[in-house]
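As structure tokens, here come the structures.
Both complexes shown next keep chain A, but they swap its partner, so chain B is in the first and chain C is in the second.
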Partner chain A sequence: MNMTTALARLLIFPGLLFAIPGAWFILWVERKAVALMQGRIGPPFMQPFFDFIKLLGKDTPPREGIGGMLMKAWPLIAVSAAAGAVGLLPVLPSSGGFEGDLILLLALLEVPSMCIIAAGFSSRSIFGEIGSAREAVLSVSYNIVFLLAILSIAASQHTFSLETLAQLPASPLRWLGVLALLICLPAKLHLNPFSLPNAEQEIYSGPMTEYAGPELAMWELSHGLEWVAATGLVATLAAPHVTFGWLAILIFVAFSFGIVLMLSAVASATARLAIDTTVRFYWQVTLIFAVLAISSALFMRFRS
Partner chain B sequence: MNLWNKLMCYSRRRSPWLFHMNGGSCNGCDIELIASLTPRYDAEQLGVRLEGSPRHADILCITGPITHNAVGAIKVVYDQVFGPKAVVAIGSCPATTNVFIESRTLDGPLNKHIPVDVFVPGCPPRPDAIIQGVAKAAEILAERASKKLPVAPVVMPLVGEGCGGACACGGSGGCATKEVQA
Partner chain C sequence: MSYKIPMGPYHPALEEPYKLDLICTGETVTDAKLHIGFNFRGIEHLAETRNYIQVIALMERVCGICSNIHTLTLCQAMEGLTALTPPPRAQYIRVVMAELERLHSHVLWAGIAAKLMGFKTMFMTCFELREKVMDILQAISGNRVNYSMNRVGGVNRDIDDPQAVLKMIDALEAEMLRTVIPIFTTSSTARSRCAGIGVLTHAKAISCGVVGPVARASGVGQDIRKAAPYAAYGEMEFDVPVQPDGDVKARLLVRALEIMESCKILRQALSKLPPGELFVGDGKFDFTKMVTTTSTSRVEAPRGEVMYSVSWKEGSRNPARVHVRTPTFAVMPAIRWMVLGARLADTPLIQASIDPCYSCTDR
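Presenting the complex of A and B:
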């Protein structure tokens, strides 16, 4: 891969030029799907775009000192990390050069959630602090399962390279890992059964309570990009590999769309769980599942 | 007006985010405001979203006849909403203090304390009247942002109390019957 194709991947597909409209599209699909399942008509197609533009045009709160600078910085860091994660997705086969591995992708996916925690605490609003504490507890709970699932996939296929993982045929063990990843996605994206951190109306808006205008627009964008990256990761691992360029893009988009619909269905069918139930769910129910996946992956590896 | 401004005005009109505040209301208007978001009325078609934090909102929806206790809170929340912003007074109470007039616990009406843009009359107003009022406020919001002029408050017409526009009055409220829309 030379410089031009690397730049094209970062900036065009699956990078920024694809990812930002993709993020808006996914946000719309989620809202529309929830509306249809509740028997409503739902927002128009361009709604997330209008929301974004409107937020850009609103006044910004005056922020002073180091705390204010940090509060301005968190959403920007979150957006750039999420955009970087999307740029790493191996949708098109590359020809050498820089290819990110699974560990880098996971680290970048984790940054927005860290930023949310930090943003809530640096806003010094009591609701923000409650939201951040919840986000931290939630992140400790689901990340164990999330990382074990990724590790089991990598161990069963003997590689951490995303490119190779996307090309290898899926083994039954990988499906177990993908299932464990899917269970973690609602918590990662703050969807309904696990929407504790930003619990609307209950603790105002959680960590985002003090944010307004362009900063809030950046948070919305980073949330959308997280959607693209997280669904894209699962789509990469689950989709069958084809070498033909356009078909690969089509399959990737179709799989992402299917995952978004599935997550929206779960979100509209469930109510918010309390924090202790959520933590118990991840530590008692799904952890067993993830440990099973990784132990069988390691066992298979020693056998072969 | 250049293209960016046009896009901004259009976006403001299409994406009103609400913050709902109770100024001593009997909860009648509050449940009607929530009803306007439910499947039957579905205000989300207009891009309306009920926000948890006043910092996120564009339109402040206030119900109730403004009690002494509520005045301070209303002023604080009004300042917490960042501009451009609009205020919608929902129900007859914030407009005139309604049946509670001259009560010693009240400090109303609402426009004594903060500028109000749209009054939605009714006790309580129907959800469709509330949606109409919010849409009007979103228009005012876009207008105000582009021209930087103060806009005079708008009093919305009373939308068919009871009949819901099903009878000959056509939703103007002239009939005052209690027929329920089929």
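Presenting the complex of A and C:
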């Protein structure tokens, strides 16, 4: 991948120009799906876009010193990282990519979560701090499963390149990995039953409590981009490989759409779990997948 | 390191303003302080400046959820002052209204509890059901919040077609049995949020003097409808559900069972509705001829025992004093004991599990 294609992927497709409307669309689908399942009408199609524009137009109270600067910086870092993650997705067949871009994608996907933790503590609000602590505990819990799932997929298919993974036929181990990824997605996207860091009834909006205006708009955007990147990653791994460009995009979008609907259904059918139950859940699941991942890695190594 | 988290007076977990200062270590609550009085409106003083008939309309507005219970208790107290006995049909209609209100209140509470567990779908389901209860109340009284059904010596409106109301209640009960009750008793996420948290032991329940469903969930089997029957409750057959555990799940279960008992009472009251007058006398209230100077009345509201005490003032059209004691006021101090040692994430649900009504408490 040369500089021009890299920039094109980051800024145009599947990067910012495509991903931002995609993020708004996914946010709308999620809100609308949950609303319909709950017997409500739900927001109009353009609502996430309107929310974004409205927040951009608001003034925020000035914050002084390093804390204020940091609070401005965290959402921007989160948006850039999430956009970068989306840019790496191999939506178009044979669109480039490099050996190891899967690792970069995982690292970039983790940045928004770390920014949220840092933002909560920077805001110096008690609700923000509790939310950040919860996010940190949650992230330690689900990331073990998340990373092991990816590791087991990569080890079983001998590659850390997304493009190659997308082209290879799926092995049974990959389906297990995809399942593990799906289990982690609600926690990564702060959905029920793992919506602890922003448990409205307990700690308002957690790390976001002190945020308003354009900075909050950036957080919303980074959340939407996280949705696109995370569902896109699963769609890449799960969708069948086709060589025809438009069909590949259609299949990709359809799979992402299906994952959003599934996550919304889970979110609307469950209550929020408390932190210790959540941690126990992830560590119990972890154990199974840790054994699977390590055994598969060893097995593949002996065979080759 | 311990820190203080203020919950309220304005908080997404609270329906109405009150404040709970939680002292926490990590995610564990080590102490709690309760502050009330954010919604004080001076209604008891206002009642001293209104005549006996106006006081009924005033007291209906103490609470938006149990408005009928307040006028029922007040009218019973005033009937005690004048030695009036409402006719049997009025007594039955009072039972019907009180039980419908209990249904409405419990379903509303179930919705709020679901919301606090982060279970918004359940919240919507409960509020749809509540809508149906309100439709029945509207069909009977023409109103959805302040029904103005009670008057001194009887009721204002008749139930013209009890069979139609019975049909609505059958539909409602089927819906409850299909959705709310199974989800609250069997859903695993709901159970994991409710079982074993916010425990109020039997001994603590007695020493705090809690009332209503909270007391019954801690194994204290007291219910004014059974212990001191008023209106037509003496002629109804029903059980008082009691649970020994004292946790949030027990409170949930007690209310779920009470919903079923209320349906049972409603069916009896509507099918046995006796013919006759709706009220005694010509509708005038003779405040010059009182048989006693102070009269009290106790009623089992959805949240527990409500007591009204009305004092007569010689030569005045206004009562000397209208004193109200609401169940939430009796139950609130127990919150402190329930949240001790609880997880911070559970405190909104624990405080809501007593079904607090600050509008009643602060007046």
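Note that in this section the second predicted complex is superposed on the first by the 279 of 304 C-alpha atoms of A that agree within 3 Å, B and C clash if a C-alpha of one lies under 4 Å from a C-alpha of the other, contacts with A are read in each partner's own complex, and residues count from 1 in each chain.
Keep this in mind: a contact is a pair of C-beta atoms (placed from the backbone, for glycine too) under 8 Å apart; a residue touches a chain by one contact, two chains touch by 3 or more.
If you're wondering where the values come from, they're calculated on a predicted model, not measured in any experiment.
A.B. asks: Look at A:Leu261 in the shared chain and tell me whether it touches chain B only, chain C only, both, or neither; answer first, second, both or neither.
C.D. replies: A:Leu261: touches no partner chain.
A.B. asks: Please work out whether A:Ala274 is in contact with chain B alone, chain C alone, both, or neither, and reply first, second, both or neither.
C.D. replies: A:Ala274: touches chain C, not chain B.
A.B. asks: Who does A:Met208 touch here: chain B (first), chain C (second), both, or neither?
C.D. replies: first
A.B. asks: When both complexes are superposed, which of chain B and chain C contacts more residues belonging to chain A?
C.D. replies: In the superposed model, B touches more residues of chain A.
A.B. asks: Who does A:Gly39 touch here: chain B (first), chain C (second), both, or neither?
C.D. replies: After superposition on chain A, A:Gly39 lies in contact with both partners, chain B and chain C.
A.B. asks: Looking at A:Ile144, would you say it contacts chain B, chain C, both, or neither? Reply first, second, both or neither.
C.D. replies: After superposing on A, A:Ile144 lies clear of both chain B and chain C.
A.B. asks: Classify the contacts of A:Ile130 with the two partner chains as first (chain B alone), second (chain C alone), both, or neither.
C.D. replies: second
A.B. asks: Of the partners chain B and chain C, which touch A:Ser195 in the superposed model: first, second, both, neither?
C.D. replies: In the superposition, A:Ser195 touches chain C alone.
A.B. asks: Would you please give the residues of chain A that touch chain B in one complex and also touch chain C in the other complex?
C.D. replies: 38-40, 127, 200-201, 203-204
A.B. asks: Which stretch or stretches of chain B touch chain A in the complex?
C.D. replies: 7-8, 10-12, 14-15, 17, 38-39, 42, 44-45, 47, 49-53, 55-56, 58, 82-84, 145
A.B. asks: Which bits of chain A are touching chain C when the two form their complex?
C.D. replies: For chain A paired with chain C, touching residues are 34, 37-40, 126-127, 130, 192-193, 195-196, 199-204, 268-277.
A.B. asks: Can you tell me which positions in chain A touch chain B when the two form their complex?
C.D. replies: 31, 35, 38-44, 46-47, 49-51, 53-54, 56-61, 127, 200-201, 203-205, 208-213, 216
A.B. asks: Which residues of chain C touch chain A in the complex?
C.D. replies: That would be residues 3, 5, 12-13, 27, 114-125, 128, 187, 189-190, 192-193, 343-348 of chain C.
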